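Chain naming follows the written order as A, B, C and D, and within any one chain the residues start at number 1.
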């Protein structure tokens, strides 16, 4: 399979290229970036010198479509709409990293992102790319909307429990924390070293765009949730930890069994019910999600850790593309 | 006033000595540490060379009592009981940093810390050292129990709101995060650089000893709370951030007014109701507590930040001692 | 004394304001910043809320001159020339943080900074602001050029040794390392958290502008040096460490005695000849310079540590202004 | 090939197991650790759960020898002598990570490490494991002494230049910096988070044990060097940067050509002569060594970066074992 990456020079692009460069079935054809056109990818990321020395091209989507069977789009929301439609209509398989095709509800999308959605038909055809939950839809999709990083850490443990009715859909709180790379690769005072180092803070109180995404996807369990999601910034490059509070009538064993069974085929989901305290350090640079469960009286605490750029983005994107191409979802992902 | 510090070489001792060395009314007489007996304080902490070159003495409490009007005890819980009683009975003013005199309820203390309490009479006489709340008791006390760092960040914003009945006492969640110095100064694999760096994790789920302290002190508001407290470890040296979730029927203005009025004389309490996002970086190396308030529908989110070693420990201890000595609580604290 | 700060919102401005706010003789009148005009200083730096709430003004130098006896200029090189001349001609005492008045040699300045120098007369009148070395000139100066941070760490230990002929002026190497704040407060990809964190690198090989400054000032010892200076970037916010290699015929005791005697009145210079290994952590947030000496055969290694923003900039600037105003140089500096 | 690791639970052991778990020709048989006997490797390193769940065994060298064709010894110096002899005499291929077989000169070893060397015959048979330099000896060796991390970063660039006579053997200085993992995995106050974070310091001035190793190996070029080596501690987990100063009569092109030709078959050696500034961040978690060259007048500056645990230890160990087993040295190393 010939694959290309549009928006290749951000942090998700970097992680994606690193995985693709060692993938047994995908061959990288085009890396697209307007900013770095004409440079080698390894000039932008010297870490990959001798691993990916491909020359970056500018925004020539016709050329990309001609050379590629599939494309990964690492573009900002809104900007991704047209590109997605373009490649989709050319017959390419598309994994879109943006939020543009995650919310099936056009009105919700437009209210959340404050832009029009110009491709409602495509919305209807897009699968939401949590491969351990929606493998069936993903396998048959030509377009997959790659989930947000925070929602991945929150939805993965909650989905089976809500579906099986083991927790209350009401009053769930997800107190989440992310490393700085979640803000992307850019010149910004707020994310400069001295402003982030030795600091910890909450942000986007009551209004982060991943909050509607979480509740929207969880509706699929047959419940109406009002998960309250609060993101924080960790003084670290990578990693997301979500501490999730829910009400339950079940004991720890029932909760744990439900998750273990639901994810029995998910090699990347590691579930703990033995008091293990997962750290973001245990999942960074991997595609694992570590989930640890604690119950006391009627309260359930879930600790959930991922690498925001891999399981929360590029690793999952490759899982999705693997499924779309008929491969095992774990192929090429260490 | 001649003051001494017992257990002077931990991180709280260091911060305490740094404040005392520049205090206009306190003169440091004895610094006690069994481990570092005979060394200069500035050998242990080269940062204070030329600022505090006092020679550390061993555990000679008689000598300390003879030379001092007041003493700060930076000892582990249980170990602090006898020392506190000794100095108290000699007539010294005592600020005890341990948990030994924080919980007035002997049974609760013994259940929480799994040791006997041998001085129930002293318990009754000890004031809880949150100077912005309990100044009256502190001023008249000979013994003050310096609060835990986490409880300081949680109780300070909650106390007035509960007292005034502006929030529900039920279902409060405090999701707290602390820098590594909270674990103390010691050789420990778990707190070594490589184990903490670039990691973030929760710990002591459902069973941290500061949880009973929070609920015990909040009882004083006339409410029975069941605050659920979850601590996490930040890859930073200092700082505590608590994200606190509560239910309220009030609007933001009412909430903010209550706190601003209650703390109108508290120079170190900075309250924000304008969307400001406080960072631990804004309070480290200071004695401030930054509190920011957010209300949506019936949900209140409080963000609360302190330096765990200063406002959460040594700065507050000096505030307490100032009050016990009849000074303004802010004296000598920048 | 009424003092003002032009270019107040960078990191050096912040540290300067923090010192001035607690200084017993200086009162801050104007804080100037074009970018943040109209905001409170504590809006830009919330850490100083309740400590410095002064409203920032724009570039109204006439107003500044009218209200101030002295001014600190924290402007980029070249931009500082006109401002310095303006305030100098109005009769204000001026400490200029830029490089514009450090190099007495107009040609050297112009070759190094690639701009014209329009005030050669002022150059002749400016004192170089290393207060422990050039106190006499500083006391009598109306204009002081505040030294570069790296040169401070290198010149302080070398100056007395060269002057007394204890080391060879030839073949000296200064391998220096600085925290990220040395790059200033700005939006920049190169200094973003994820680009700096967990990395260490050299930069400006053979061509850093502080290299001519070092050799230029050391000429004053009567020697022609060709110090080779190599800067590196530490993944930390603050601190400079310089490892300096020189040839000597003297033993450790002779070297140490020379420095101790030369700096016998310098409260902020701490000299070690007992094998102590200084860390940047021991000087950050202080105005100290820690110098440790090692001799083996004919080789001398000097380890020198400062806080780049304090002893390497704002703390030293206050020392200089103290001297210019007839105060003890240590006044108001903890 | 069946391989085992003795001393598997340190940081080098962890990196080694991570590589071996994905190696196409090596199968891990035994992981030995006295401290963690009976636990799963993934209990000690949860990051490797589902990747290496092997149960750790205690010090049963007979069992290890019986099951293994080759063994990696990650033991402290001195302790490694007997273990090496044991496995060697059983006919296993041995890569020893300690310093015990690096210095062919028994007296130098004993003077440097202050212990007796009990196996002088083995010393004579051991190859020094820099695969890009000593491949011939390594291929034919049954015992390889894996180099020190610092020496790897210093010898790799210097060896060809000294051999070809392009630089002077006199007066070379290597100013090196390492992340904290170089100190190993252990409970230690000096390497605790709060003691290392936001600090930078030199250590082992004039007396680090890697200094004799550097000069000893460089003798092989036909020159007697007196490289002066100074190590420093970076507040980062991983990475070594060495800034190396030498005298040369050659221009940049000659220097660069020499290195490029010498390492033309070394996939892991990346040489820059275009002003590129290598960062430790560009090599961490890889087996690359990045070398950048700068010449001005008669001075050469070499910047050299490696991951101390991979190219500086476990990655190189696998390269060595690959060669000893007749494989391409790069096999199984991404």
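Descriptive notes on the structure:
Everything below uses one rule, namely that contacts are C-beta pairs under 8 Å (C-beta built on N, C-alpha and C of every residue); 3 or more make two chains touch, one makes a residue touch a chain.
Because the structure is a prediction, the values reported are computed rather than measured.
Taking each chain's centre as the mean of its CA atoms, B is the chain most distant from chain D. A rotation of 180 degrees, rounded to the nearest 5, superposes the Cα atoms of chain A on chain D.
Of the two chain pairs considered here, B-C and A-C, the higher C-beta contact count falls to A-C. Chain B and chain C have Cα centroids separated by 37 Å. Work out the mean CA point of chain A and of chain C, and you get 46 Å between them. Shared interface positions of chain C, i.e. residues touching 2 or more other chains, are given as 195, 197-198, 235-237, 278-279, 281-282. Of all the residues in chain D, the ones that touch chain A in their complex are 22, 46-47, 49-50, 198, 267, 270, 276, 278-279, 281-283, 285-286, 288, 290, 334. Touching chain B in their complex are the following residues of chain A: 171, 173, 175, 177, 179, 195, 197-203, 205-206, 228, 230, 232, 234-239, 241, 243, 245, 275, 277-282, 284, 294, 296, 299, 301, 303, 305. Interface residues of chain D facing chain B in the complex, by the touch rule stated above, are 11, 180-181, 185-189, 191-198, 235-237.
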